[in-house]
Every structure is written in C-alpha cells, then in structure tokens.
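Paired with chain B in one complex and with chain C in the other, chain A is shared by the two complexes that follow.
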Partner chain A sequence: MEQQQIFEIIVNNTKELLPELESHNFSQSDSLRDLGANSVDRSELIMMTLEEMDANIPMAQMAKANNIGELAQIMFEQQA
Partner chain B sequence: MRTVGIEAMNAFAGTAFLDVKKLAEHRNLDTTRFNNLLMREKTVALPYEDPITFAVNAAKPIVDALTPEEKDRIEMVITCSESSFDFGKSMSTYCHDLLGLNRNCRLFELKNACYSGVAGIQMAVNFILAQVSPGAKILVIATDISRFMVEEGGDALSADWSFAEPSGGSGAVAMLISDQPKVFQIDVGANGYYGYEVMDTCRPSPDADAGDTDLSLLSYLDCCENAFLEYKKRVEEADFAKSFSYMAYHTPFGGMVKGAHRNMMRKLAKAKPKDIEQDFNQRVTPGLELCQRVGNIMGATASLSIASTIANGDFETPKRIACFSYGSGCCSEFFSGIVTKEGQQKLLEQDIAGVLDKRYELTMEEYDGILENSNALRFGTRNLELDAEFIPQARKALGREVLFLKRINEFHREYEWVS
Partner chain C sequence: MSFDPVCITGVGITTGNGQGKEAVMSALYNAEHRFGYMQRPGRQLPSLQAQGPAEGFIGSEIQELVMPAAISSQLLRNTSFTAQVALATLSEAWDEANLAEVDPSRIGLIIGGSNVQQRDQTLAKDRLVGKERFVRPTHAMSFMDTDIAGLCSEAFGIKGFAYSLGGASASGQLAVIKAKQAVDSGLVDVCIAVGALMDLSYWECQSLRSLGAMGSTLFSDNPELACRPFDTRHDGFIYGESCAAIVVERVKSISRQLPAPKIYISGVGLCSDGNRQPHPSLEGEVTGIQQAMAQAQLTASDINYVNPHGSGSVIGDEVEVAALNECGLTDAHINTTKSIVGHGLSAAGAVEIAVTVEQMKRNKLHPSRNLVAPIDGTLPWVVDSAAEVEINNAMSLSLGFGGINTAICLSKT
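Here is the complex of A and B:
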C-alpha cells in the first residue's frame, strides 16, 4: 500500500474517532495529541488502521511517531 | 496430573480513596475524552500506610483461618513489588514476622513491574508441582503503592503523564498457593509467556515514575496477542472467543483493557464492533469492577482482576477464566484456570468489595496535603514518627483491626494494629 493511501486511512479513522474533526484540513505534520486524541484514542487509531491495511506489524514501533505523516511512514516501511 | 492453584485469596486496598473524576477536574485535565479511560476511584496510601501494611492486612485473614498445623506448612513467602523501600532486605521478612509464620520458610522478593504478582504465582505453582516438599503452601503477596512525586525534567519520558496520577492506586493481593486449589485451579502447563526489552514505564529513581504511555499501551497490545498465540501453541484447541467464560486482564485502567480486548477479538475472532461490545460486557467487566475502585496496583492488578472476576461472575457451573498479565520493561503471560461455586463462596467470605465501601473519601484539600506530606516517607528515611492525627477518620473507617506504620527507627520499620 502506498504511503499516501495509508495517510488517508489514518485521516478517515481519526475523523471517525473524533467526529469534531470532520471539517479539519489534515496535514502530514498534524499531531494526534494536539488534535485532542488521548493515548487510548491513539492506540485505537493504530489498531483500526493496521486492520484496514491487513498488516501485522508490532505496534510498539509506532510510539515514536510525532505526527500523522511519521505514523504513515512507519506503517509504510514496516508493512510486509 | 497434580492439582495446584489458589487455595485462598484476599485483597486489601487501604483506608482512603479518591473519586478520580473529581481529581481530573481539580487538576484541570481535559475531561472531554476522559470517559473512554473507564476510571472511577483510586486508593490513596496515607503516610502511615506502606507496602507492608497493605500486604499484611491482605494476608492476615487468610493466615488466621488456617489451623496451626496448616499455618506451619507455609514454607515460602514471596513478596511481589516495585515499591520496596530497601534494595537488599526483602519485604517478605516483615510480612513473615507480622503474620507469625514458621521460621523454616524461604523469604524473598520478586520484581518485574506489573508482572511481578503473576511471576510469584507461577513460581509458587512450580514449587508445588515439583513435589519437593509435599503438602507445603506458599504465601504470594503482590503489593504496590503509588506516591506521587513525578520525575521532573526531560520531555521523552513525561509525555501524557497526566494519565498516571488518576490511574495510580495502592493495594495488595495475598494468595495461598497449594495442592488444594479451592478458589482457582490452575490449568497445568497452559502458559503463554512473551517478553522483550522496551523502555515504556519504569521507576528509575527511588520515589519517582517515568514513562511513555503510548509505548506502554502499544507494547501491552503486542504482548497480549503474542502471549495468547504462545498459549495456543501449547493448548491447540484453545479458542480466544469460546474457551474462556471470563477474561481477567491486567488493568492499569479500564479503557486500556477495552482497547486490548477489542484488538484481540478483531484479530483472532474477526468479530464485529457490536458483538465485541457485548462480549466485553459479558466476559471482561466482572474483572474490572474491583480494579476500577482501587486504581492500578501494579504487580497486584492482574490478581485483583482474577479476584474481581471470581467475585462478580456466575459460577453455578464451573467456569474457565483466562488471565493476562503485562509488566512494563517487559514481560507478559497468558494462563488460565477453573473456578467453582464453592471457590466463589470462599472468596466472597472475605467481602473485598464491602471493605472497599468503608474506605474514607478524601477531599481534594486532604489529598493535596498527602502529596506534600509524602515527602516525609521518602526512600531512605532513617528515623521518623508517623503522625496518627493526620486524617484520623481514615484510621477508624474500616471498623476493624488494621495494621499501620508507627515509626521508622534506624531504618527499621515498626508497625501497630489499630482498631
């Protein structure tokens, strides 16, 4: 799966988790924390995204992502 | 096959608690997303409570119910903790003395963050199965406290640490492990363990925690899946959705368990969200009840979840419970056992929830006073007389005899029973 596609899945899942962001204009540098997602929300988002990608990647690796773009990049690089 | 497991168990979670929602408001935390954390109350350790008082108050009713002959068969006391106040001397020595046990007894302590209690259970189980001392009993006491003096400075390990204060509790679970598993009969050999080095949460200095909540959550999720997959290698017919009537998860806070269960059900059972919600309510919430009233008691939390499951589940017919323990750093284990109606009745005699109901509810002013006062009980305190007049309502709240710390004399801790 292309990195841009993964980024879009993350954006859609973020909107599903936090409906108040429906009209937000997402960028690669957006931090989930700054958007109002807590740790539970963030882990939930990672689970949802990996499921949609049908990828089985150790999730602990995702903790070092500082923003949505970095998260998409880690997922892109680690996918089988 | 030999039988082994928990003969008796009890939990003790102090004399004072805090309503976590009120704390979140008091601290001006963002409460809009607070509900999905599923936190309710937490026990707060008062200055005259320490890991020993929690441990002994939990173990005393179990030991008192034994005959002198049975009591003399306790040949090992294992304390399981990350809250000890001495690098060398094990807290099991204090517990052994305060409980008046036989001196022909092994005394030592185990540590691996929140995994310590289950590590203790498994070591005790192996001692019984090895049959090196037939008929012997082991007292495993998982005991941990939170005293909030959060490590300052440095961003890497302080991100989102506002989770820690509302979730950090204090308490102990005592378990008598023997070949008479009246409360919880272990499925022998049915263990999946999984561990690796990760810097998620830790206690890098004597009185402070540090951690990366996201990393810890994600590591917990990875371990839960991998520990179960290892269990399934050893128990081929195991089915995550069908083999266990209840699931007792290590519960740092309810929201984390809900996320983990959802992940497992999605991945292993391909379940739909509505079915997962129903399954969570049916199989997991009985184990959360007590944990949500005490907060995260680290090494004792997985055992508290087992106790909560046994107390709140339906055991008209014998049922299998699965337990998942995760300790930061990290090590994890998935194992299982059987509970009967008689086992449930035996546990309910301890009235764990009834004792929790009697705890004194702290005001925010009193709570903040404890945080300042907790400086008095820093690691390495050499001499100190504890103030019995500090929040005296809590000392009488339970309406029964409770052990408290009286003084520290040249590093040696002295305790007193107060009724």
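Here is the complex of A and C:
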C-alpha cells in the first residue's frame, strides 16, 4: 500500500474516532495528541488502520511516530 | 418504619414498550407489548439467518433509544448498547431526583448485572474470525462490566463509588438492596442502583433455550402468545430488553426540595440456596420474603400488592406461588410485569421495583397478558384491565441462577 493511501486511511479513522475533526484540514505534521486523541484513541486508531491494511506490525514500532506523517511512513516501511 | 428511613426519590425505565416512566406505564396499563421474533443483529443463529426471522428467538426489543442531549457523542464512542441504555435510563432518574444539587462525593452507583454485553462481544468476534490480531485495544476496557459503571460515573460526575454487581436474574433487585445498605451505613447519602440491560447474543439465547429456561416451544408460531407467566400453558421465560435506574437515599440526609410522595424501602431479604443450580427453592424464597417482612415490621396482611418474579418457567412459577401461599400472601393483589415487558434478566429486579413504585404512586395496577388459566386461581390476579387499588405496602421478589433469592418491601409510610 502506498504511503499517501495509508495517510488517508489514518485521516479517515481519526475523523471516525474524533468526529469534531470532520472539517479539519489534516497535514503530515499534525500530532494526534495535539488533535485531542488520548493514548486509548491512538492505540485504537493504529489498530483500525492496521486492520484496513491487513498488516502485521508490532504496536511498539508505531510509538516512535511524532505526527501522522511519521506514523504513515513507519506503517509504509514496516508493512509485510 | 425505621428511625432513619430510606426512600426512593428517582426512577428511570427503558423497555421494549417505551422509554421513560410515562411511556412505559401507559403501555403497561394498556397491556401494549412488543413481542416478536427478535431482529437485532447478533440475536439470530447464523445457520438460520438465511431462512428469515420466522425461525428466530422470541423477545421484546427496544425500538429506538433517544439519548439525552447532555450526553456527548464523544462519550458514546466505543460504548455498548447496554451502556447507552444505562446512560439514558440513569439520566431520567437523575433528573427526577435532582441529583445535580447533591455533593458528588456523597453519591454512589451500583450497576446490577454481570456479563451483560454479550451481543456486542459476539458481533466483534464474528467480525474478526481469522483476523483476531486486529482485536480493538478498547475491548480490554469494555469487556469488563465495570466499564458501564465508569462511563456513567464520568457522564454524571459520580465520585462516591461506582462498581458493578452480579446476581444473575436477581441483579437488579440485588443492586437496590446493596444501594439501601450503602445509604443505611452512611457510606454515601445517595446511591443509584441500575438494573443493566442484559444484551443476549444468539449464544445465550440458544443455550437458554436448550436448557429449557427460555421459551417458547408451544407458541413458537405465535410470538405474541409466548410470554405467559403463571398461566398453565407457560413453557419458559421470554426475553425483554429493559433497564431501570432507582435513586435511593436516607430521608434525613435530603436537604434539597423534592416533590412528594415518598416511597420507602421498608425491608429487604437476601439468601442463598447453597447451590449453583438454575432451579428455584421454596425454602429460599420463603426465607427471603420473611426476612423482608420482618425488617419492614409488616405481616402478610399488611401487604396489599405483590410484584412477583414470575419468569414464566414451569417450575419457577409453581415454586413462587407455593412460597406466596406459605407466607400468607394470598390476599395481596398480584400481576405480572414480565407478561408485558418480558424478562430482562439482570434488569428485571430493578424494572419491577420501578414499576411497583410507579403503580404505588398512581394507586393503579397494570393488567397481566396471556394469563388465561392461572396455575393458582385463588390468588387475586389483576388480569384483563388495570385496577385502581390503594397500595400501602408492596412486596417484590427476584430470583437468580445459582440459588439467589431476594425480596423487597416498599411502603408509603
């Protein structure tokens, strides 16, 4: 799956989890934490995204991401 | 009446018949039911889905749940149907008791029921067959019933305590009993007991049918006739989605303005049969009733209304009628709420206390559906139409698998 496609899945899932962000203009540098996603939201978002990608990536790998762009990059690089 | 009485200051009810006290009581007085083949996803055997609902389990389902505006959509994320119904029902009781004016640290919450979110979990597991590694992290929170207590405590800012309590089909009444004891002891001033909606999946429905607890075989082609507690043609309980919330408080600690009339919890009984069986025990039921009457300092002749457990199981109904006779509760008016609402399992005890309170306030008893030939014709059943009756003291019973017997006396003075 392309990195841009993964980014879009993350954005859509973030909107599903946090409906107040429906009209937010997402950028690569957006931090999930700053957007209002707590640690439970973030783990939920990652699992929703991995399911859509059908990818098997250890959760610990994603902890290094500082923003949505980095998260999409890690998922892109680690996908089997 | 004890020196420091405990009363009920708020009631919320949600059933398949309607949402809110007024809607539910109106349906009860008119014997308007919602029994049919159950349609909610996760409540049909997968192997039978292709054949349509005609082969399905019979029950009563909530048509549309209206969430109070004060409950944010953010809070409802990743919440089960059970949790949403609890929030809506608690909101009604909270508003009636005007709990916004009570110190949150003096309010406790007991969610009656264990393993009440089975259908949500079955649907989630069915969806992820072969893809189990994607199980949602939030399942780790929501699979525990305490999630409902936590969610409600967050929505209403409850700071005294909040936990869940299991007592099988006596859970709702057990929660009210524990709420009374919590305010009696001074642990909190107000305690809310919720009989949580037991959300059955096809797993539970099928096993309850196989066990012979859930009906109906006799009326499998006539869902509207299947639910008939205490009728000679009863053949098992019929499920009914429901939930109730009861606000319990010590009269002496009430400092805010509340409307009359007060209904007091005058006595409670609780005992175990010493076994894990689903069967009833005459000895256990009699003990529970006698404990409640003794604590209330009432005799059988003081009780003028009985809201029985009456699941609709053959042996359960027979033993309960025998217990009422043995305790001398033969002159009290009696009806069956389950004949119209269905059996809410964990919710039932709280729903029936709520319905008893509302009937006492209105001095009006609801009729009983499908009670064509009562198994004991000597008891003064309210059958065909609502009856205007001055109710001063009422008795309600609940029974749960695992030998759990509970009884409660409600009084006006």
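Basically, the second predicted complex is superposed on the first by the 80 of 80 C-alpha atoms of A that agree within 3 Å, B and C clash if a C-alpha of one lies under 4 Å from a C-alpha of the other, contacts with A are read in each partner's own complex, and residues count from 1 in each chain.
Just so it is clear, a contact is a pair of C-beta atoms (placed from the backbone, for glycine too) under 8 Å apart; a residue touches a chain by one contact, two chains touch by 3 or more.
Note that this is a predicted model, so its numbers are computed, not measured.
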{"item": "Which of chain B and chain C A:58 touches, first, second, both or neither", "value": "first"}
{"item": "Touched partner set for A:19, first chain B, second chain C, both or neither", "value": "second"}
{"item": "Which of chain B and chain C A:47 touches, first, second, both or neither", "value": "both"}
{"item": "Chain B or chain C, by number of chain A residues touched", "value": "B"}
{"item": "Chain B/chain C common contact set on chain A", "value": "40, 43-44, 47, 51"}
{"item": "Chain A-facing residues of chain C, complex", "value": "73-74, 77-78, 131, 133-138, 141"}
{"item": "Touching residues on chain B, where the partner in the complex is chain A", "value": "30, 32-33, 36-37, 159-160, 163, 198, 200, 212-215, 217-219, 221-222, 255-256, 259, 262-263, 266-267"}
{"item": "Partner chain B, residues of chain A touching it in the complex", "value": "33, 36-44, 46-47, 51, 58-60, 62-63"}
{"item": "List of chain A residues in touch with chain C within their complex", "value": "17-20, 40, 43-44, 47-48, 50-51, 54, 56"}
